[in-house]
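Here come two complexes built around chain A, the first alongside chain B, the second alongside chain C.
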Partner chain A sequence: MLEARAVMVFYENMLALNNVNITCPDDGVIGVFGANSAGKSTLMYALSGIILDIQHKERMRGGERITLFGEVVHDGEDITKLKAHQRARRGLVLCPERRRLFPESSVAENLSIGGHLATRAEAKETFDFVMDLFPALKKLTRRAAGFLSGGEQQMVAIGRALMAQPKLLLLDEPLLGLAPSIQHTVVESIPHIRNEREISVIVTEQYARPVIPYVDYAYIVENGSTVMEGTREELLGNPDIKAAYFGCG
Partner chain B sequence: MTTETTQKRRERIDRGIKVRSESLYALNSFEEIAYLLTPRVLLIAAFVLMPLILSPWPYWGRVGLSVCILALLSISFDFLANYVGLVSLGGAFFYGVGGYMAAVLNTELGLPPVLSIPVATLLGAGFCTLALLPCLPLRGIYFAIVTLMYPLLMTRIIEAFDILGGTEGFRGIDGFSGFFTEQYGLILAMFIALFGLRRFVNMDGGLVIRAVKDNDQSVRASGISVTRTKAKAVFLASLTGCFAGAYYIHMYSNVGISSFALDLSIMPIAATIIGGAGTLVGPVLGAAILVPLSEFLRDFGSLRIVVYALVLTGFVVFRSEGLMNYMTRKYQQVERWVKI
Partner chain C sequence: MFYDILVYGFIQSAALILMAFGFSLVYGVSRLPNFAHGAIYVFTGFIAWALFNTVGLPYWLSVLLSILASGGIGVLIYYVILRRVRGMEVSEVIATYAIGLVFLEGLRYAGFRGGTYTLPVASDGVSFIFDVPVDHQRVLLMILGFAMVALIWLLTKYTRMGRALKGMAQDERAAMMLGIDSDATAAVAVALGSMLAGVAALIIFPLGSLVVEEGYKVLIYAIAVCVVGGLGSWAGTVIAAFVLGYSQYMTVAYGKPHFQMVVMLLAIIATLIVRPSGFFGKQKQLEERV
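Entry: the complex of A and B
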């Protein structure tokens, strides 16, 4: 169970996240939808702890001052001050936007890098699970990740995140720049991940339509604030939301 | 949602006068003009007054000139590294080529310093650009390593073939006519390099050069030759470096293979880091700190390097943005606590 309470993030004087409260129960699939610059990625950074690293880097080079407020609670423990690698050890793993694979390493290598936190047996077992989840990767294990198509790269990125043995997987815009048919393959993996490995998932996306069938509960973010939240049915029932984020009605 | 205790955040905002004096119609008070000009005038005044103050102590006058020489080399490094994206360890190459070129022109052809320095600067920059042309497609660490090799290569060639005076170098090169000519000639040249490049990087040609640093593929896609652009930038940087070399050998009336010493490639990097990378003024500031510091530390003997290294490490670890960026921020922005 992950809870973000009143999270606020300032990039210098710009308010990127304003009082955001998000709850992700165990075995839940949570969607976060919003346009560009709504604050989705910042929320992901705040949940995964990457924001602390960005904050430190900016301070070192005299760049923007990033200010954080609020708290992130994971399984009843306050993890607001924990760094990204400590949160990853607790099972909070981010699959970053634009995938960030290691382009010169092969697919197998990318996956084993993700398996740093796993024991050898776990890594092997997860590797097989990833191959079953995305059969397209089976033939590509020795190919350099940079030469894969966008969809295949996304599959590797999700696989790499799974190799870290997450309890909660944060997927930041997994469908970015993918063809609709590939989007379908990627999204379909979410229920498998949840059901077969009991991993809860938070997924962000700009366009909710391909993802909405798979989420239990969703938040709509606009300009850094959650403007609406509800179960899938509630969101689908709202005509404004439907027009803006589902492209129909 | 829950009880909003008094959370406060430290806010940075631009000073009112900065915002006013930056806008197009704003320069309507002496206060605003002064705000814009003060930092520049301070720098210029400091260097213009330096020879007058130091004239009773010729030794410290020379130290002042060493500041300018290092400043020129550092400006050249900063320009290449932070505006073109070519991290060059070849400062000594520019410097040495300029120095030897001026020495040959002066001793063999008998050109006076007034002619030999500019001609050596131009010819030397041309030579450096041609020599570096094959390496221009390289980037990052590869370019750095290759440029590091050039000064070493020159040293060995001069030694092995016993050309250009061999290990002895040239002696008896003409000096300058007087203390003040020597001082102000170099200071003027430094200002030209500093303010010229600062202006250039914001003009059209400079924007293309900066674009090469950010994304050379986009530049290529716009129909611009990346190599030619880089060659232009290297020419500008080597002009600065060669001038420093040419001027220096006329100051001390001799040149040797120590003109290609590694120090001349490393010191500019240190000055740039301390002063603030990517500002062009920062390197001048860094040079003005480093050179006198190493003079004062001369009494410590070999411990000098230890102190020196500690200062450098301190800057890199605690203030990697550099002095200039820090000071600019303090000058232009105020900080205050705000409630949220």
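Entry: the complex of A and C
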């Protein structure tokens, strides 16, 4: 179980996350929905520990001052101070916004770099799982990742994150910039990941409609604060939310 | 004359690959410009010399131990100093250059001056390549120059650590998300780079004598090759080593040997004016603009 308790993030004096509390139970699929710059990616960085690296790099180059408050608790342990790679070792793996594949490496190599934490047997087994999950990748294993289409890249990115043997997968805007048909393939993979690998998922998205059928519980973020939360049914039953985030009246 | 240039230009290129590849590897993986590269090169040579002459170990063992020592120095430099300045670009240059000065001027201060220190060659024999006589040390240099590139390539393809290096080189933060420890991987890169400098020293020094000034020369050569090839690009490093290696040998053949350094410095200036990202730096340059 992962919990964010009263997490606040300041970029200089700008409040990017304000007192955010989020809980993701084992085996759950949690949605985080909100407009551009609502703080979704910052939340993902805070959960995955990347925010510490951003903070460190900014401080080193004399850039933005980033201040963090609150705590992140994973399986009962406070991991607020753990670096991203240490959190990945605990099973907390981020599949970042805009994918960030290794562009010069082939698809197979992207996946094998992703398997840094996996044993040889795990890596092989996960590789096969990824190929079954996204059969479109089977023909592309030797292609450089930089030359793939957005949808293919997203599949590789999810596959690469799975290779790290996560217990909780953080999917940051997996549908960004994808055609609707590809969006479908990508979100369809979420229940497979949850059911067949017993991985819980936190997925963020601007536009909730394609994702909402797959989540158990969701949070709505506006200007860095969670303004609403509830189970899928509760959110779908709320007319304001429906109009604003699901695009149907 | 033509075959002369062909063969000796090739040897010069292989030497440049050996000198520059470690620098390129460190920069590619950790974005640290290791200005202590030349100092580690010279220092490894003196370690081998001391182990062989002062301690009296067999030469092969001295070579092995001094290369391991250079790797150890690399790890130490990373964890004690570079880790603290990584990300501050000007401090990175100042710190690594200062480390280099400490090593080189320390050696000079300790009395290691002049051309009296030499390392033995592997074999005194001479082979003929296209009827051009080449001594065996230079044959070894050619073979090892490419063997090292092949070795690093195999490492990045088939080992977990190598793949981590490759991931870090392309996107450090994405690598972190996958559980790759940025500090440990950067330390490995610095260690490998230092060991490559050590290997280069132990092959190239027996051709002349151990002199401290070589450290500055090797650093400038390595930077020239990396700037022309595109910083951090391994393919660029190899190609630039050939372009510069042949240009250097041509200046020796048709001009004067002491213009070799001019070739390198002009190459840096010309590259920075015409194509600042070097042969293979295009993608990186684009990234910076975005």
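Note that the second predicted complex is superposed on the first by the 249 of 249 C-alpha atoms of A that agree within 3 Å, B and C clash if a C-alpha of one lies under 4 Å from a C-alpha of the other, contacts with A are read in each partner's own complex, and residues count from 1 in each chain.
Assume a residue touches a chain if its C-beta (ideal position, glycine included) is under 8 Å from a C-beta of that chain, and two chains touch if they have at least 3 such contacts.
All values reported here derive from a predicted model rather than from experimental measurement.
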- Specify the outcome, clash or fit, for chain B and chain C once both structures are aligned onto chain A. clash
- Given the superposition on chain A, which partner contacts more residues in chain A: chain B or chain C? C
- Considering only touches as defined above, state whether A:104 meets chain B (first), chain C (second), both or neither. second
- Message: Quick check for you: in the superposed arrangement, does A:65 touch first (chain B), second (chain C), both or neither?
- Response: first
- Regarding the shared-chain residue A:113, is it in contact with chain B (first), chain C (second), both, or neither? second
- Answer with first, second, both or neither: which of chain B and chain C does A:56 touch in the superposed model? second
- Message: Just checking: does A:84 make contact with chain B only, chain C only, both, or neither of them? Give me first, second, both or neither.
- Response: second
- Kindly classify A:19 by the partners it touches after superposition: chain B alone (first), chain C alone (second), both, or neither? first
- Task: Look at A:224 in the shared chain and tell me whether it touches chain B only, chain C only, both, or neither; answer first, second, both or neither.
- Result: neither
- Message: Taking the stated contact definition, name every residue in chain A that is touched by chain B in one complex and by chain C in the other, in rising order.
- Response: 60-62
- Residues on chain A engaged by chain B in the complex (per definition of touch): 5-6, 8, 10, 12-13, 19, 21, 60-63, 65, 67, 69
- Touching chain C in the complex: which residues of chain A? 48, 50, 53, 56-57, 60-62, 83-85, 88-89, 93-96, 100-105, 109, 112-114, 116-117, 160-161, 163-164
- Item | chain A-touching residues of chain B, taken from the complex the two chains share | 1-2, 7, 9-13, 319-322, 325-326, 329, 340
- Item | chain A-facing residues of chain C, complex | 85-89, 157, 160, 163-164, 166-167, 170-171, 173-182, 283
